[in-house]
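Okay, got some structures for you below.
Consider the two complexes below, in which chain A is the common component and chain B and chain C are the respective partners.
Now for the complex of A and B:
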């Protein structure tokens, strides 16, 4: 039994630290909120936050249904690649995507050029529809992957039965596909809604003024520009309560995220032809263009700028790499500790999910208020960013590791116990090799997310302490678009490169 | 000597009692209907299932607070006896040094043991590159290296064909003789018991009865055993 205590020890302290960090921040914020009266602009931010998140969730889910269905029932060259690319937005830095979206849908983009050529008025990308467009860009692929996973999980016998009974397409949908959708859609809506509730960088770059400010952005403005600590604390408390409530309400719905959606399997049904084929082709082409055009635009627009790189680029790159690597290391080690402990204790799993209720700016504001009496924000910008990034990626990593950790426990815990292996041996010769694949994948996710994160750093960084995403955002704000494009290209290359490298290391060490 | 002293195992509405000893070097088969608790009894002795009452004693000392790895026994499970990502040498090495820091002498010992069980020169292979019978041999080789005074086997050869199984029983016989270990082997095949075990424990109706000479048991089987044998 002494053995067990040794293994629970670090996980126990870790979970206490996470709880203290999240709940401590919330308590600190609630204490510092000087008045509980919301100003009209605060109400507007709350309304806008909920409204844009609802729209983003509904549109993403609605578009994901035909897209996932078309991908499920059609086979074409490049299908596998397209499905892999659906995972890309998850690790794509938000500012990079925004830059790509701006070049396609912005004032100078091909969409408005086409509208003008047709004699129609140009569309402005800033404001509600810009924010929702960017959110759909990020979450349509996520929703599609989750649904594709759902479709693939339908037993093929059921499709065969429907076909052998000669059910028409509508009846097949009703009896085979609808039950799956009914199970999956609420979870998807909840996941996308929650992601969009904490949107900061999108609102910062595409929100047009006070009318389209999210709570997250309002916190930043209150702290950074108005230096109204009481109001920032109030808004952050509001944000925390909102996220915590939605997380709790959707806890039953949250599904596995379809990270590893299977790619190929023989078709269980003969896909319909005629107008349904044309429809599927159209949907797949549109989805591919919607996803790829902004990415391509980043490359095309970024290349010319590489000849004339902005000042401070290499310092910002180095800073971002240090943040990404350290927070990936911390997050991976912490998630492994928690996932192993969570196979035995429900409490550990809960602690690991706690950060879902917090957001970058909520934690950032909490830490800002806590640390301000002792140090200047600039002095602690890097450690705070590392801490917040690692904490916020923790739930994703633990969810990734937990099923595999459970399997490991089921398969080998008795053998390791009966051989009397000490914890260090188990870690080195059993746990790490057996979990190398999800650990590598998770470390890659954490590194890429942290590399591209534009959240808490915006609160803490001084003029000279920018990270690469912050530099891109500042260049965009100064309308130096060529330089912003070049920096964005470097950023996205490094983000994907880090993800690829860690994932590769994981696969290499996983064998047998 | 391993002693089960008024031992009671309980889980939901399942219960099993046992009250007998295993003398050094004795070979005992455990036979009985499935669900009777044969495996559970081995798990309790190995330290994976707590006793509801009674004690498990080794040389008179209660084993209740002894971790599975510190008990004077080696256990062969139905499956998952080898780590699939480690080589045979590493899998065997874990029986000698839990940190896998092996001396030259220990490496030689591993090579000799592999030779003994008919796996000469296979140090660098991984379990997936072995047949089912070879995997069983490798697991027995580790038991040989650990040389603990009690060997527990939970139907580890159940998936093997008759010829392979009889080979494995011969090897088990060699391993047990070489280490002088007492053996407790769960089986559902009376032929295994007759071939290998001088005594047999009948596990049925919530009781693991004291070991009796195997031929005596089968020549005059109690009702519950003849029902099981059909």
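Now for the complex of A and C:
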């Protein structure tokens, strides 16, 4: 019993802090909203937010079905690497992806060059299609991995049975594969929809005007352009209600970890040949080009700029590294505490999931309103960014840890209790070694996400004090594309590097 | 060892006080301070006489500068705010953050009476295009709206040119402004937060025309010997911009701020502004304008709302603009 009290103690205070932070921000915002009347442009932002998120979710899921199916039934050199790369967009800084997308699909990019050469009018990247394109770039890989998991979870006997019964391909799809899809698709749609609801950096860089402004962007503009605190508070309240409603509505859907490792199994049966083979090849090639071309463009555009780095680059890099490391540390420690406690208390799990209802700009605006009477926003830009990043990555980390924490609890809790081991000893010799793998992976995710985050920092940073993603965005805005490319290359290298390093440390520790 | 460190630390802490160089902080827009902008020359020129250190702080375009100032309020470290225009001065005065300043002689084409601000340059808004690609530019906002031309404009909430365009459409079309914006909507490639982003995008080939100034082609002509940029002359007239600077009431360096504003309105700074900010000077130097400025278009009609009218029209005009472009 004493043991239990010691372990619940910090988790209890932690969950109260999270609840206070999220619900306190929401209450703060609701109180500061001076009027509840939405202007037509606010309605437009709400409509656009929901519309682009719906389109992004539908298109990502629709394209993921043939892509995942092709990857499931084909074996080719580089398949393993391609599947690994599908996890990359999750830790890819948004500004870097936008820079890559602009260089492929922008006015000066190869796509428009081809269109013009064919005598067709060039396409503009700005607006709804640019925003959806970027969101599909980020979420198609996630959806594909989730579906690939689904396909691999279908018992191979079913495929063999269907084949021995001589079912045609269409009937096999309908009776063997469709039930899996029907189970998976709603969860995938919900995840992508929720991610796109809080899109800020994409709308900031590719939105292009009032027609395609998300609520997150409108909050930022109300604060930074108009300094209209009442309107910012109203929009943030709206965003919170929207995200909370969607989170609650989708809570019942079982969501798979689309970014977990281990995706290879022997083929259950001979894949179809003929036009289906050609189709699969085409799909895989197109998906690979769509995902890799922007990344390649960042490298190609960034390399020449490395000789002429912009002013303030190293300060910004240092700032981003500090943010990434501290928020990864805080998020990892907090998620471990909560995940261990959540094995015994539903309340802890709920508290850990609470940040899903908030967004970067919602929390940022709440903190902005709360802190402004006492300090200038610039002075607290770094601590606030760390706090918001750590909080927003918490649900992902707790979800990663929870299954293994439950396992640990089931296997060892009696054993450690009967030995009467003190909590520190349990943590050191029992818990940490067994949870090292998800902890390392989670710390890597948190570090990479915080490294690349462009949200709350845009609200708080002044003229100086930019982080690396903010610097990339400002250089892009100033059309200093070579310098932006170089800074983006450094950013993406550090993000992936941090992720890889933490993941590696976790695996090493687990194996040792 | 420890005492040495301590001494070094104390010396470091004390050094700003020992140096006794007063710092004048100027809050301005982002295209003022780059090496090609007016910032370095103005800083160098003023520092030569003031025995002070001029430091610039930027916050996006002109309208965002005002938002930034409201955010910082009386805690702002700025002594001088540079780069608002007369569409914003009434709103700026209403914050109560500005202190009255001495009037400076000017040669503006319109009377200027605002006790809180000193005008430092002025210009006409215009759509700038590449005359090697576009041979028959539109002659009015409606002609532009009816064309297939792609334009890039600035956000009126954060940028003074963006706000100027809003007032321009309002001044010419009045109640029909919403319709003009609805017609313009399909011409607008993107709305940028500030002038630098928009102009940069235009130069990169991202649009056929960009909202800038009748004086912008002079930069290409004089600094780059490139005559390929022109401003489109609209028969209905062009909206004017008078850019101003003011002193903050909470400034710790009021005398320095006054001296800076006087310097800004003086011959040396005025001459520098012509070929760095690429605007007409608030007070034309005795030598006149540089060669090349005579090639610029001259609007037959100039439009400008009073500061009070602009303040009254701004909120509704922004809402109208947002609504028209949201459809």
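Heads up, the rule we're going with is that the second predicted complex is superposed on the first by the 509 of 512 C-alpha atoms of A that agree within 3 Å, B and C clash if a C-alpha of one lies under 4 Å from a C-alpha of the other, contacts with A are read in each partner's own complex, and residues count from 1 in each chain.
Convention: a residue touches a chain if its C-beta (ideal position, glycine included) is under 8 Å from a C-beta of that chain, and two chains touch if they have at least 3 such contacts.
This structure is a prediction, so every number in the text was calculated from the model and none was measured.
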Which superposed partner A:311 touches (first chain B, second chain C, both, neither): neither
First, second, both or neither for A:377, with chain B first and chain C second: second
Which of chain B and chain C A:421 touches, first, second, both or neither: first
Chain B versus chain C as contact partner of A:224, first or second or both or neither: second
Touched partner set for A:35, first chain B, second chain C, both or neither: neither
First (chain B), second (chain C), both or neither touched by A:463: second
Chain C versus chain B, contacts on chain A by residue: C
Touching partner for A:164 - first (chain B), second (chain C), both, neither: neither
Common ground on chain A, meaning residues reached by chain C in one complex and by chain B in the other: none
Chain A-facing residues of chain B, complex: 46-48, 65, 67-70, 74-75, 77, 80-81, 83-86, 90, 94-95, 98-100, 126-128
Chain A to chain C touching residues, read off their complex: 39-41, 44-45, 48, 106-108, 124, 126-127, 207-211, 221, 223-227, 372, 376-377, 462-463, 477-479, 481
Residues on chain C engaged by chain A in the complex (per definition of touch): 57-60, 63-64, 66-68, 70-72, 75, 150, 155, 157-158, 185, 188-194, 196-197, 200-201, 203-206, 319, 321-323, 325-327
Touch list for chain A against partner chain B, complex: 1-3, 411-412, 414-415, 417-422, 424-425, 429-430, 433-434, 510-512
